[in-house]
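When the chains are written out, they are named A, B, C, D, E and F in that same order, and each has its own residue count from 1.
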């Protein structure tokens, strides 16, 4: 492994995978998809992890905050609350505020329907409760 | 209607609806949902438009660029290409770049699957072609 | 086949299948699912048709008008415009009005999202245009 | 607020919102979406509630019984059991029978698939059990 | 009922329904859909069961192992974990290996997304745990 | 690049990607996803292609025929007719018969609903027509 950097794409993607995973999933206690995959197939787990975390999440075309909000929107309308829990925590880890995450969820109501929003809001509330960040402060008391 | 501003919430929401619609859908030639709804029910069309455009889109909790990217993500995984066309145009109108829109679409592949991404990319390509913005410039020629 | 009625369940279900199909799909020019299925597998086509039309649609637990509106709602949120075309025509055949069908579609917006509603409304509009029933009369000109 | 009725659309929609909510959700112990939304954003909660309950549910284009069955159908195929619980209770409150609700759920099997029906039937059964309305009486003992 | 076999299609389909149900759902302790349906409507339960188990599952156009893997794939991307539990057990009953079922689930990731795969893998793991077949043996320890 | 095979995982995966793509998509005239992705982002196109074709499709845990039928089932219930076209062609290329593909599609009706099946059958019919393989021969003329 004494090759110069440009000859070691797999070394650098492994490094990117580790760094990005650390950034996103710091202090996340839920079972990680990577561990679930590994219990079935170690090679495929590595391939999936390198592709998703090392190739996709590590790209720098949009800021991590936007990448996470975009992910929250997708998981809200798909109604995938377990994966959403992971990415709400990742969104907080990269600097999104609870209010921005809530707004992103509400914005999808017109597209994916209100019940999907309700499920996502309950997921957000449960994450914020676990972190001692609930109730959220509201800017004003209503019209 | 000579009441002071604070007593006229409906006047201000009508104004917000108009301004936000103008910002998002400037130069959009596709049939607008509002016109479709009006052909069935004028009152309900007004209620829907005021709620969606005046109440929801006009909120200032996240920037318009983020609101549009979040919307693009939701419409991609739901596979709603007609509505996606409208919001790709809105995203460009508020200042998102084609590369940011493409990245948002690609990011959803892990959650909503690759075929949904492909449909969205074709929609994006057709909008960019119509606007003379295709092919997109790529930063580098690959590894 | 000279058995009395009570011994011939299959004769009576075949009769119910024919009658219900005639009621629902009178004057429907679109390709019927039954003909599509038959081109692949004649036996399975018969089984599917007997189950769906003879067993399910022929039940008398709710009026045919309600059964069709319920079906319109399901097909709207699932975004199945080709099947929706068939059941909008069936709904008109059993006596639903265009306004009732439109209202049913609009009612689903909160659950399945607005883009799904838009696709369904366009489908309804195209059926009404073909039947010379467009534009729909509106009760009042708005508030 | 001494204006005549025609000048107070927002007063009348607030009244409609209250009346319709009381009609639909009388004796419903589950968390209401309105309360969930309020815990995140009081203004948006009001806007959503006024639009959904005051504007949409309060319309008189189809009877409340049909509006609820249509809603049950949509929520069944979308597999949204928490929201379905609310609307099964609303359906019973406006006068639908358990057999009509069950028939509506079964009717969607052809469109949204049998597993979605099974989830909805379990939700219906649990509501009927809570209300002491289970087991349902069946008209006949089978063929 | 003394007719010769060829005149008794319903007798033979009832027999096929019983045999196929016994093959697929031997030792399955979960509530069967048939019992759920019967608690609402005995006649419809019989019709659904005859169609699904006697007509559809009993067909011999593809082997039972392939029919079950195809079903696992459909239920994975639709995210129907309760029905998936039944068909993972049916797949094992007809001779599919845990590794084949896992591979089928992983293969859908590209189409239905990774969160749907994760839910299905957890369902598979829980069935294997109940049967004392967990952890799965892996062919090699990774690259 | 003079390293022995075991030190060149990326060389071998590139080779696997090429071989598997050639096997599956021989004589497929439709736009390939890889070409669509490349027009947006060459690096990401390579990563996606290597992961999907080189890592996932090239695995040998289930036969290619089963892998394609499983894929057909997933794309049927997701209603992705463009991607389904590609995989119906891949299924034929690896040796599945039209009758096996049709049966796989029909089998999903119970899970994803009949309208999704109808869309997939039309897609299958159009591929078979293009290849001069339509109408399909049926074993018997029905009961």
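One rule holds for everything that comes next: a contact is a pair of C-beta atoms (placed from the backbone, for glycine too) under 8 Å apart; a residue touches a chain by one contact, two chains touch by 3 or more.
Because the structure is a prediction, the values reported are computed rather than measured.
**Student:** Going only through chains that touch each other, how many steps at minimum separate chain A from chain F?
**Tutor:** Between chain A and chain F, the shortest chain-hopping route counts 1.
**Student:** Shared touching chains for chain D and chain E?
**Tutor:** Expected: A, B, C, F.
**Student:** Touching chain C and chain D alike: which chains?
**Tutor:** Touching chain C as well as chain D, we find A, B, E, F.
**Student:** Name the chain whose C-alpha centroid is farthest from the C-alpha centroid of chain D.
**Tutor:** F
**Student:** Considering only mean CA positions as chain centres, point out the chain farthest from chain C.
**Tutor:** A
**Student:** Applying the document's contact definition, name the chain pair with more C-beta pairs in contact, B-F or A-C.
**Tutor:** Looking at contacts between chains, B-F has the larger number.
**Student:** Using the average of all C-alpha atoms in each chain as its centre, how far is it in Å between chain A and chain B?
**Tutor:** Those two chain centres are 23 Å apart.
**Student:** List the centre-to-centre spacing of chain B and chain D in whole Å, with centres computed as mean CA coordinates.
**Tutor:** Each chain reduced to its C-alpha mean, chain B and chain D end up 30 Å apart.
**Student:** Quick one: chain D and chain F, Cα centre-to-centre, how many Å?
**Tutor:** About 42 Å separates the centre of chain D from that of chain F.
**Student:** So which bits of chain D are touching at least two other chains?
**Tutor:** Within chain D, residues 9, 44, 48, 52, 56, 59, 75, 77-80, 83, 102, 106, 109-115, 143 contact more than one other chain.
**Student:** Should the pattern of chain-chain touching be classed as line, ring, star, complete or other?
**Tutor:** Basically all the chains touch each other, so complete.
**Student:** Inside the complex, what are the residues of chain A that reach chain F?
**Tutor:** 9-10, 44, 47-48, 51, 55-56, 59
**Student:** For chain B, which residues count as touching chain C in their complex?
**Tutor:** Chain B reaches chain C through residues 33, 36-37, 39-44, 46, 48, 52, 75, 78-80, 82-83.
**Student:** Within the complex, which stretch of chain F touches chain D?
**Tutor:** Touching chain D from chain F are residues 77, 109-115.
**Student:** Of all residues in chain F, which touch chain C in the complex?
**Tutor:** 79, 102, 106, 109, 113-116, 118-119, 121-122, 125, 135-136, 138, 140-143
**Student:** Under the touch definition given earlier, write down the residues of chain D that touch chain C in their complex.
**Tutor:** Touch residues, chain D against chain C: 9, 52, 56, 59, 61-62, 66-67, 69-78, 80, 83, 99-100, 102-104, 106-112, 143.
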